[in-house]
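Before anything else, here's the structure in question.
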């Protein structure tokens, strides 16, 4: 079976999705979703253990060999992303049960899980495939299901947000498909490895830079790079809590992966950075993203929205690492991919718990929660410390590598700005903590600690935040390996 | 017990004690006996490390490799043992004091208080024994965070603002400067492990090294070098035992300890002496010494005055490090201990006055000495140590710091130390002398039942005041440790 | 310390010289209530002064009789120490009196902020 | 010597015991401790011992030799007389505090003169200040509080200068031994000299003495006058004998205070000025550096402790018995305080150096030494000062307190213990003055005989003093003598009590105004930055609002065009 892992990874959830939709039982469809995500985790781990050593798995779908059929191609880079997606899903799905029961109308729950699984499928598919058009297909699968998931939010505005996301997402996808089309026209292939071999011959044409431009903008939209992030805050804010936790921790990460794959594998680092000088665009935008959206986050009153803006800032860190175009920088970016998934997942889950009990995630609703929901708020504090980059949390590891990469590139001012970003995180995180712990609680609202079913997944992520912050051997090893593959360095 | 066990226990025991405190929250006597017993045992254990330090044996224990080349590790060296000795001695004493204070003052949330108190000590132990910059930084930040609930103990608007300043400055400086410096050091040297004599020499251009030193000195916000000192007076809203902990034992000493450690183990005295920026930093510390003293003059609130006095005194130690010679380091290291005992006595006394007479303002303490002779007498002795005159321990550190300034050829800095003594003399002694020899303020309607503070408070004050004098007669292990530190 | 209650100034007469209050062991006298003391009588003072003048004269005249060492050339001057002592003290007082013009201030000079 | 211990230990133990005991027991301790300590010093073996290793330094706690032993005996004697004089104190008068600090103070003085190294010297130097200041504060008035603080600051300043000097010397010579230092141009030697000079009340640094002694308690002034300045004299004799500058400093010290003494109203302050004058003789003797000069200096120090102590005791008695000490408020007290008046006259005769009184035996040594060394001018100045001191301390003090215009104050002689203490001092003054060669001269540190009683000497000194007195009579007769006025005279202290506070106040308010302005500007600048940031980032700001989909699209288009243009225009 392990030979077929790449395809089974995608196929199992793909089959599970309609089943979940057909079974109109809340519990069963949830169980199916759990099963699908846990399977994905199992498969992801299997893939990663195989490629950790440097092996590359190439799997021909349906037995058609590479240039003609669709190739699933797994190396350390995407095995890493797959693991992130699967891991978050396998924690978020158990968490979703209680949260969804509270936030989604019961007759839609099985549809919800169906969309959930589809979204997972799409994200896994994007990551696993070696075929650029296949990327687009899975992108649409994940995006459409995400729109659906978001629109299920309680708030009226969830619908408009989902709509907006849909428009913007579709434009992004369209741009990507335009880019892919242009490349296909010029090279006649859709396979990534083929493309990377054939593209150099046609680099001087106008079509390729245009394709590159379309792809850049498309990816930027999907990964919410400043200033194309505007769809994100509302989508995250008004989506059901579990959806926010899941999507925030995965969707943008996969978009970053797509960008990396295209820039480094398909076009090649030399073309993207030396010829197209995309770093000249990415670096400033990343820095502005870090500073500007952190500042916006500071001013937010809704904590989910606050965290959403924080996500945009954190994406800035990842892109910053990418834009350094060095092994160190990429390592930092890839590490943050993983680490940010852990921390933002934990934070949004904590907010889900608050939503579950209090019914609001506005800052003033947090008053006194430190005492009433000690475990939830403690989790929030740890997640927050991680965002800030306090040592012994994963956030610190990311920052350590990112700053080191910036310094190695001689960009000490960039390193300093990264620190400034951390400090802004202190402010927005501490606004919440302060209210939760230092403001007196309103009397007699009967708020109690969140149910265990939500707390356990939440604390699994929190524990991961600390574990991978203290023992970052695995994550740094894989991230470094992936970065080396992307940069074409063999160690 | 093997040395490794001791240092592991040093970090873990307080945390275990914290857990036990939490568990025993409903039985106050039992709850408070835990830290006292643990602290006493801890002190005994750490004292046993003296032999390890004397033997010169290298003890390093790596807990875990966090990222390749950087591990969470502890080691034993003289400076750390000194800091740990001070902290572990004063922890049970402060706890004893806190027992009297918190009950006498009818404070709420005492269990939480004692819990975080114990954790803070664990973090301080971690700082003391950390074997590399990463570990040091980690415990440094843990210490910042777990003292936050102590600072904001009263949960008032005032406490909240103070907490903002506290956390704001400490986190800002540590992240923006210190962490940057640490990563930078790692980037240029490829290691962050403490090595006697430093590891930065020859790894980077002088410009970078100068910048690094500046980042380190200002990045250690806990050392309160101006202009990053504001957190310290702000944190005065906390209950007095916390102020004692912050200003004498754990927090500020972790700061100056870091500065000394960086000087000896990251830069090395030779390199420090060559850097162009070192004298400038010494003068910055000197300016802090003087300005801190002058501001202390203007404060009528006793704790605020003590806070500025602390700011001033901490820069003695920073100055000692920036002198970049053996005398300066000996003086700075000894001052960690001497200032700790002196200043904690002063804070204890200030708290005792609050508990017994409910007075915070110096101008309202006139005439109180007759009813609280013990407390004000101890205040007098503590003041002598801070001023640096016999018969109090502060004289020794001042002697060595003075030797250091002359070794560095800086007569001006020697003058600063001496002027600071005179300033300290006036702003500190005013308190007990007014209390003893001035009539009470005319409008004071002091209840007749004002007498000395509760017994545990007095015992604690007695212990620290006696220690202050004893350290003059024999500075004991502190001088020995510092000599071992600078003797190659 | 015993002091005679009947002589207490508050009972004898209301007048008392200016100055700070007296200490616990002192009181004011009523001159008429006391027996006169030795220097209350101006004649005694006069006798003392006359004796003093004679002593001064004798001391100077002794120089004629006594063989005096001279450690310093000025000591050769007749009655050097006598007139030096007199001139020194006279000058001292005259100069000091002039110093008052510059130096004298009211008693609470430093107490006023 | 029965027990070989540094002498300060016994007195420190006594000081602690005095704090915890009461009644007769305490009185016994107060008297026994100095006696036992003093007897214990008899026949003590010379040579440094009690070396104590601490903090990497070797301290020498006990170094008896000729010079230090003389001071050792003296301080025990002074402590005994002072304790006896203060023995009557009650708890309301702060007996515990005063007794305890007096013994500790005496112990510190002993510690200082037997110190063999500069660190030990520094330790006791500071302890002198910290133990003695309570004798001032014990008065319990606002004025004594402030004076005490000034006293303390100046003495700690002296202490830190000594410490700095010691540090510099330790750096330069590698040794902290306290021996002859001399002015060798090194900063350290200068600092130590200045430090000693402050405690010895050198001109311009003298005001602490006249400021604080009059504000101390009636009994405290006796101790204060005995120890601090004498330790400084010891220090100068040990470290700077033969430093020529001291000759001139000493000469100035003898001369200028007497002008102040003439116009001063507070009789204890008059004594303070006369004390500076007497110290001047000692400083000159030390500056001369010859055996005769230094012997004269330390002998005069010995005598000064006794007769100046006696004078302070008589004035203390007056203060205690009447509550007043200003010349303008006193007069005629001989009627009710005959014993005190008599003792005062003995003290006055001694300080004026009348033949047969102790001052005569020592002051003339210094003057003879000045002549021997050919310092003519200095000799004339000293002669002037000798006449002058008679004028104010010898005549003015007894005259205005006990004779002169009858103030109408009636009281009694003080308690017995005070009378006995004064009596002992008076007897000592006469015995030493009459038989110096059998008593004082035997314990002088240097060889070299001196015979004060020859005809010339007695005659010239008597002439000087009698004609000085004649001048006083004349000035009184012609009403030239300045009346005692309720006033004070400004001195160097004006600089730090009047000028400095105003400068500090002015500078302080200027600084605080600048500080306020800078802070205000900084805060408003920060506010403006925050406001600018918030405009776009907060609420419905440009970057924080929810954008209409159309606008987003516009952005996408702009970006795309931008990218493409950028890529194609490369």
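Order of writing sets the chain letters: A, B, C and D. Residues in each chain are counted from 1.
Going forward, a contact is a pair of C-beta atoms (placed from the backbone, for glycine too) under 8 Å apart; a residue touches a chain by one contact, two chains touch by 3 or more.
These numbers were taken from a predicted model, which means no experiment stands behind them.
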{"item": "Chain occupying the middle, per Cα centroid", "value": "B"}
{"item": "B-D or C-D - the one linked by more C-beta pairs in contact", "value": "C-D"}
{"item": "Separation of mean Cα positions, subunit C and subunit A [Å, integer]", "value": "103"}
{"item": "Mean-CA-position distance for subunit C and subunit B (Å)", "value": "63"}
{"item": "Intercentroid distance (Cα basis), subunit D paired with subunit C, Å", "value": "28"}
{"item": "Interchain centroid distance [CA atoms averaged], subunit B/subunit D, Å", "value": "37"}
{"item": "Interface residues, subunit A side, partner subunit B - complex", "value": "385, 388-392, 397, 399-401, 403-404, 407-408, 412, 415-416, 419-420, 422-423, 426, 430, 434, 437-438, 440, 469-473, 476-477"}
{"item": "Residues of subunit C touching subunit D in the complex", "value": "1-3, 7, 16-29, 31, 34, 37, 39-40, 49, 52-53, 55-56, 59-60, 62-63, 66-69, 71-72, 74-75, 79-90, 92-97, 99-100, 103-107, 109-111, 113"}
{"item": "Residues of subunit B touching subunit A in the complex", "value": "64-68, 70, 72, 134, 137-138, 141-142, 145, 149, 152, 155, 159-160, 163-164, 167-168, 171-172, 175-176, 179-180, 183-184, 186-187"}
{"item": "Of all residues in subunit D, those that touch subunit A in their complex", "value": "533-534, 537-539, 541, 543-544, 546-547, 549, 552-553, 555-556, 559-560, 563-564, 566-568, 570"}
{"item": "Subunit B to subunit D touching residues, read off their complex", "value": "334, 384, 387, 389-391, 395-396, 398-400, 402-403, 405-407, 411, 414-415, 418, 421-422, 425-426, 429-430, 433-434, 436-438, 473-475, 479, 483"}
